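Some structures are shown below for you to check.
Next come two complexes built around chain A: one with chain B, the other with chain C.
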Partner chain A sequence: MAPGIFMFSLYVIFPIFQSIGLSFYQWDGLGEKTYIGVENYIELLDDEYFFISLKNNVIWLVLYILAIPAGLFAALFLNQTVRGIRIYKSLFFFPFVISQVVVGLVFSWFYDPSNGLLNVVLEGFGFNPVAILAEEDYATYGIIAAGLWPQTAYCMILYLTGLNSVDPEQIEAGRIDNARGWKMLWYVILPQLKPATFIAVVVTVIGALRSFDLISIMTAGGPWGSSRVLAYYMYEKAFSEYGFRMGYSAAIAVVLLAIMMVYIGLILYRLYRDEKGY
Partner chain B sequence: MKKIFKSQIALALAGILAGTSAIAGTIVINGDTSDPAPKAAFQAVIDGFEAENPDVNVVYNLFDHEGYKAAIRNFLSADAPDIAFWYAGNRMGPFVEAGLFAPIDDVWADQGLYSLMKTSAPGMTMDGKKWGIPYTYYNWGVYYRQDIFENLGIAVPKTWDQFIAAGKTLNANGVTPITIGSKYLWTAGGVFDYLNLRTNGYEFHMALTRGEIAWTDDRVRATMANWKQLIDADFFLENHAALSWQEALAPMGNGEAAMYVMGNFAVAPLRELGLDDSKLGFFQFPEITPGVPMAEEAPTDTIHLTAGAKNPADAKRFLAYAARADVQTAWNEALGQLPTNAGSNVVDDKFLNAAFNMLNNDAPGGVAQFYDRDTKAEMASIGMENFQEFMVKPERLEMILERLEKARAKLY
Partner chain C sequence: MFPTPIERTKPSTQRLYKIALPISIIIWLLPLLAVALTSIRSGVDINSGNYWGMPTSINFFENYTAVFTDSPLGYYILNSFKITIPTVIGAIVLSSLTGFALGVYRFKLNLLVFFLFVAGNFIPYQILMVPVRDLSLSLGLYNSVWGLVAFHIAFQTGFCTFFMRNFIRALPFELIEAARVEGVSEFKIFWYVVVPLMRPAMAALSVLIFTFIWNDYFWALVLTQGADSMPITAGLNSLNGQWIANQHLVSAGSIIAALPPVLMFFLMQKHFIAGLTLGAVK
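== the complex of A and B ==
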C-alpha cells in the first residue's frame, strides 16, 4: 500500500491542494505571485463566460448519460450468436478505439455547412442548411452528439462483458414464471448488470466533465465562447495564446473539482449504502 | 562512433590550445519556423552565419508554430536559449517586464539600425530600450479576384461609397463580396482594425488598443456602424464562424467570393488554388472618413536575446548578422515577405512590390502591428470573440460594447 499512497499523494492529493492554494493568487506563470484572497472567485461570479461554461457542463452531464441506455441496447442487440457476430461487435466498438481528435474532425466534416453530409441530407428533404457548429444555440449539442458516438460504444462494451456473466438459470426461472420482454429486462437482466451500470455511470460522468478534445477540435469554444465548458475555459485562461492567468484558472479548476466531488460523494454514498444493505 | 569521439577530443584539445574563445562558441536558438519555407529560409541564415564565423556553432531547436507560444514561457524561465523567436509590439511586453529578454541597444547602435530600421523601431522599443531584431514583416490589405472585378466592370474601390457599390454589384451577380473564416477569431480582428483605422485614424486606434479610450465612445460606435453597414449589405461569407481562415480560401478560389481582408501569407495558398497574377490582385483598404491619413497593418516578426543567454557575446554577433541588409534580402526572398532593413532589396513580385510601395508611400498615418499584438493579450481574446459575435449578431451591439468596456475597466 505504501508506495501506492505515496504516488497518489504526490500526483493527485498534493496538486489538488496546490491548485486550491494557487486560486488565491494572481500569477501570470512568469513573474511574482500576488496574494489577492478570494478576488478570483468574486471575479468568477461576475464573469458571464464562466456561467455559459457552467451551463454547458450541466447540458453535457445530462445528455451524456444517454450513452448508457444507448450502450445497453446496442449490447443487448449484439448479444446473440449469429455468424460473424464478432466482426459486428468490433465494428460497433470501433468509434471508441479511434482518437477523440479524429471523431471531432469526422463530425466537423459531417456538419460542414457547404459540403457536409448532414446538410446534403437536410437539403434533400427541402430544409435550409444549418451550420451547427457556428450557431450558439446548437454548437454544444452538436459536439455532445459527436461525443456520444464513442461513449455509447464504451458503455456497450461494458454491458457486453456484463451480459456474459448473467446467470442463465435465473433467466430460465424467469421464463417459467412467464417473464419476457421489458419485464425480463427490468427485473431479471438489469439487476444482474448492476456492476456494469455502475462503471458505465462513473466513466460517462467523468467523460462528460472532462470533455475537452472535441470542443477544442470542433469549435475551439466558439462561436464567441458559447460552446466552452469549464475544463476548456480553464485551459484557455491558463495556457492558450492569450491566457496565462494561472490563479483565475485555478479558481475555475476548484469549481470543477467541487462539481465532481458532488458526483463522487453521491456514488460513494450509494456504494456505502449498498454494501450495508447486503 | 569512435571517430566522432576522437574528433571531439581533438576539438576540445584545440579549444584549450587556442584559448577560451573557441570553446565558448556555441549559441542556442529556439524558434517556431515550422512551415517548410520559413524553415529552409532560416536554415540558410544559420549556414551563412556559420560560414562567416567558423568559430561559432549554432544549435537550432525547432518548435511547432502553435506549440511554441506555450513553450516559450517555460524555456525562457527554466532553461533559456541564447536567442528566441517572437513578435514585436505588446506581445513581447510580458517577457520584457519579467526580465526574460535582454536589451540590445549596442547592436542597434553598431549596425546603424536606428536609421536603417526606423519603421519597425517603435514596435521594438519598451522603456526606451530596444529589445530585439525585427527580421521580417508583411502587409495586410484586400486581396481580390481581379478577373471577377474586370468581368463585372468594377473599378478598384478607393472610397467607402465605391466599396459599398462594388459589394452591391458583386452580390447582384451572386458573388459574396468578402470571404472570411472567423472560427479562430483573429481574422475578425483584422477587419476591425482596418475599419477603425479608416474611420478614426491611427492615433485613436492605438489609444483604443492601449486601453485609453472607452469602448462605449461615440467614435467606436461610428466604426461599428460602418461595420454594420457591411454586415447588413451581406458583405461577408455566410457561416464564417464555422470556418478557419484556410477553409475560407476555397470560396475565393472557385469564384464564389471576390475579396479577402488578409495578410500577405494568403498569397501562396491562393496561388496554389490556381489564381495566377492575372486573376489575383491587391488593393489598399479604401478610405472611410475623408481626410484621415491612411494607416496600415504590418505585423513584424522578431528575434530576441534572452536574459539567461549563456553566450551573449556570440549571440549578439548572430543578431547583428540577422539585421544586415544582404542577409535580410535573401531571408525575405525565401519567405516571400518584406525585409525590415531599409537597405535590403524586395524580391520582384507583384504583391510584394505593391505592399512595399503602399507601406512606404501610402501609409502616412502610421503602421499598426495587429489587433492581438497591439492589445493586451486577455483583452485581445475577449475583443476578437465579441467581434465575431457582432458579425453574426449585429443587433447585440450595445451588449457587446458594454462587455468590452467592462473588460477594459478591469484589465487596464
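== the complex of A and C ==
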C-alpha cells in the first residue's frame, strides 16, 4: 500500500497544500518568492474578471444539472427490448467516449457563423446567422450546450443501469393501484433510482466545476474573457501570456477548492454514514 | 419494466417508436456525422464553402494519408499510447495494493486514508497545476512522456483505490479468513486468492482509465511542449490552429483521435459500463 499512498501524496495531497501556501506569495515561476500575506485575495475582490469567471461557474453548475433529467428521459426512451436496441444504446452513449477536444472542435464548427450547421438551419428558417462563440452574451451558453452532449450520455447510461434493477413487483403493484405515466415515475420509479441519481449529481457537479477543455478549445476564454471559468482563469494567470503570476493563480485555486470542499464534505459525510451501516 | 414494454402498446405506438428511434439517433449524432462527412471531402469543396452539399469527390484515402504525412499526427498518437498504457498498468497495480490494504485490514486510520483518496479524486485538478508543474520540472520530467505518466498514475490511483476497495469489501471475507487459518502468508493471500477474484474490477478499470487518459487534454497542456511528448488531444488542437482552411484534414484527424477509445468502448462495452455505473445500483 505504501507506494500508492506515496505517489498520491506526492502528486495530489501535498500539492493542494503547496497551492494554498503559494497563494500568500508573489511569484513569477522563476525568481524569488515574496511573501505578501493576503494581498492576492484583496486583489481578487477588485478583479472584475474574477467575478465574471465565478458567475460563469455558477451558470455552468446550474445548466449542467440539466444533463440529469435529460439523461433520465433518454434512458426511459431507450429502455425497451425491441430488436437492435443495444446498438442504439451504444450509439447514444458515443459522445461520452470521445475526447472533449474533439467535442469542442465539432461544436465550434457546428456554431460556425458562415458554414456551420446551426446557421445553415437558422437561415433555412429565415433567421439571421449568429456567431454564438463570438458574442459575449452567448459564448458561455454555447459551450455549456456542447458540454451537455457527453454529460447527458453519461447520465443516461447511469439511469439505464438503474432502471434494470427496478423491482418489477412494485411496478405491477403500482399498475394495480392505477398509477400510470408521471405518477408512476415520480412515486414508484424515481425513489428506486436514488443511487443512480446520487452518482449522476456527483459526477455532473464535479464535471461542471472542472470544465476547462471545452472552454480552451472553443473560445480560449473569449470574447474578452466573457466565457472564462475559475479553472480556466487560473490557468491563464499562471501560464499564458497574461500570466506568470503563480501566487495570484493559486489564490483563485484556493477559492475554487473552498467551493468544492463544501461539496466534497457532503459526499464524504454520506459515504461515512454508509460505512457505519456495515 | 418501466416504461411499459413497447410490445404491449397499441400497434400505432409501436410503429411510431420504431420510426422515432433512428431519427433521434441521427439528430443526436448529427455533429459527428457532419465531421465524418467533412473528413472525406476534397480541399476544393472546403474552399468553395461546400460543407453540406454532395461532396464533389470522395477523398477518403487522400485525406487520411495526408494527415499522417503532412503533420506529426503519427507521433502524437504514438505518444498517446506511450502515456496511456503505462498509466493503466501503474494505476491498476498501485490501486489493487492500496485497495487490498484498505479493504482487508482494519486499522485506526483506515477510513481516514480512504477518505483522503476519495476527496483527492474529487477536487478540481486544475488547482494542482502550479505545484505539479514545478515538481515535474525539478524531477526533470517536464515535457516528457514519463512526467505525464507519473502524474496520471498518482491521480488515477485515487479513483481506482475507491473502486478496488469497495470491490474487495464485497468479496466473501471468509475466503481470506480460511487462507489465514491455513497459515498462508498475507502476500500469497493477495496474489492467489484476491487477485484472481479482482479480475473483473481490473478489466473495468483498465478500460475506463484508458479512455480517461487518452482523452486528457489539460495535463498535456500543462506538462508538455512541442511534438516530442505531446499526446493526440493537445496535438489536434495545435493542428487546428495551423490548418485554418483545411477543415477536412482536421476532421480526419479528429476521427482518428476518437477511434481508439471508441473501439475500446465497443469491444469492452460490458466492462466499461460496469466500471462507470459502479454504485448506480445498490
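Definition applied: the second predicted complex is superposed on the first by the 250 of 278 C-alpha atoms of A that agree within 3 Å, B and C clash if a C-alpha of one lies under 4 Å from a C-alpha of the other, contacts with A are read in each partner's own complex, and residues count from 1 in each chain.
Just so we're on the same page, a contact is a pair of C-beta atoms (placed from the backbone, for glycine too) under 8 Å apart; a residue touches a chain by one contact, two chains touch by 3 or more.
In this text the structure is predicted, and so the values were computed from the model without any measurement.
Within the superposed three-chain model, A:Leu122 lies out of touch with both chain B and chain C [touch as defined at top].
Of the two partner chains, neither chain B nor chain C is touched by A:Leu66. Shared-chain residue A:Phe239: touches chain B and chain C both.
When both complexes are overlaid on chain A, the residue A:Ala179 reaches neither chain B nor chain C.
In the superposition on chain A, contact of A:Phe92 is made with chain C only, not with chain B. In the superposition on chain A, A:Asp28 contacts chain B only, with no contact to chain C.
Judged by the touch definition given at the top, the superposed model places A:Trp224 against chain B, while chain C stays out of reach. Comparing chain C and chain B on the residues of chain A they touch gives the larger count to C.
By the touch criterion defined above, A:Leu190 lies against neither chain B nor chain C after alignment on the C-alpha atoms of chain A.
Residues 29, 114, 239 of chain A contact both chain B in one complex and chain C in the other.
Those residues of chain A lying in contact with chain C across their complex are 1, 3-5, 7-8, 10-16, 18-19, 22, 29, 76-77, 79-82, 85, 88, 90-95, 97-102, 105-107, 109-110, 114-115, 117, 120, 149, 154, 157-159, 161-166, 168, 171, 184-185, 188-189, 195-196, 198-199, 202, 206, 209-210, 212-213, 216-217, 231, 234-235, 238-239, 246, 249-250, 253-254, 256-257, 260, 263-264, 267-268, 271-272, 275. Residues 1-3, 5-7, 17-18, 21, 24-25, 28-32, 34-35, 38, 49, 51-52, 94-95, 97-98, 100-102, 111, 113, 115-120, 122-133, 135, 150-151, 153-155, 157-158, 161, 211, 214-215, 217-218, 221-222, 232-234, 236-237, 240, 247, 250, 254, 257-258, 261-262, 264-266, 269, 273, 276-277, 279-282 of chain C are the ones touching chain A in the complex.
Those residues of chain A that touch chain B in the shared complex are 28-31, 43, 48, 111-114, 131, 133-134, 219-220, 222-225, 236, 239-245.
Chain contact summary for the complex, chain B toward chain A: residues 69-70, 73, 76-77, 94-95, 97-98, 100, 183-185, 238-242, 372, 377-378, 380-381, 385-386, 388-389, 392, 403, 410.
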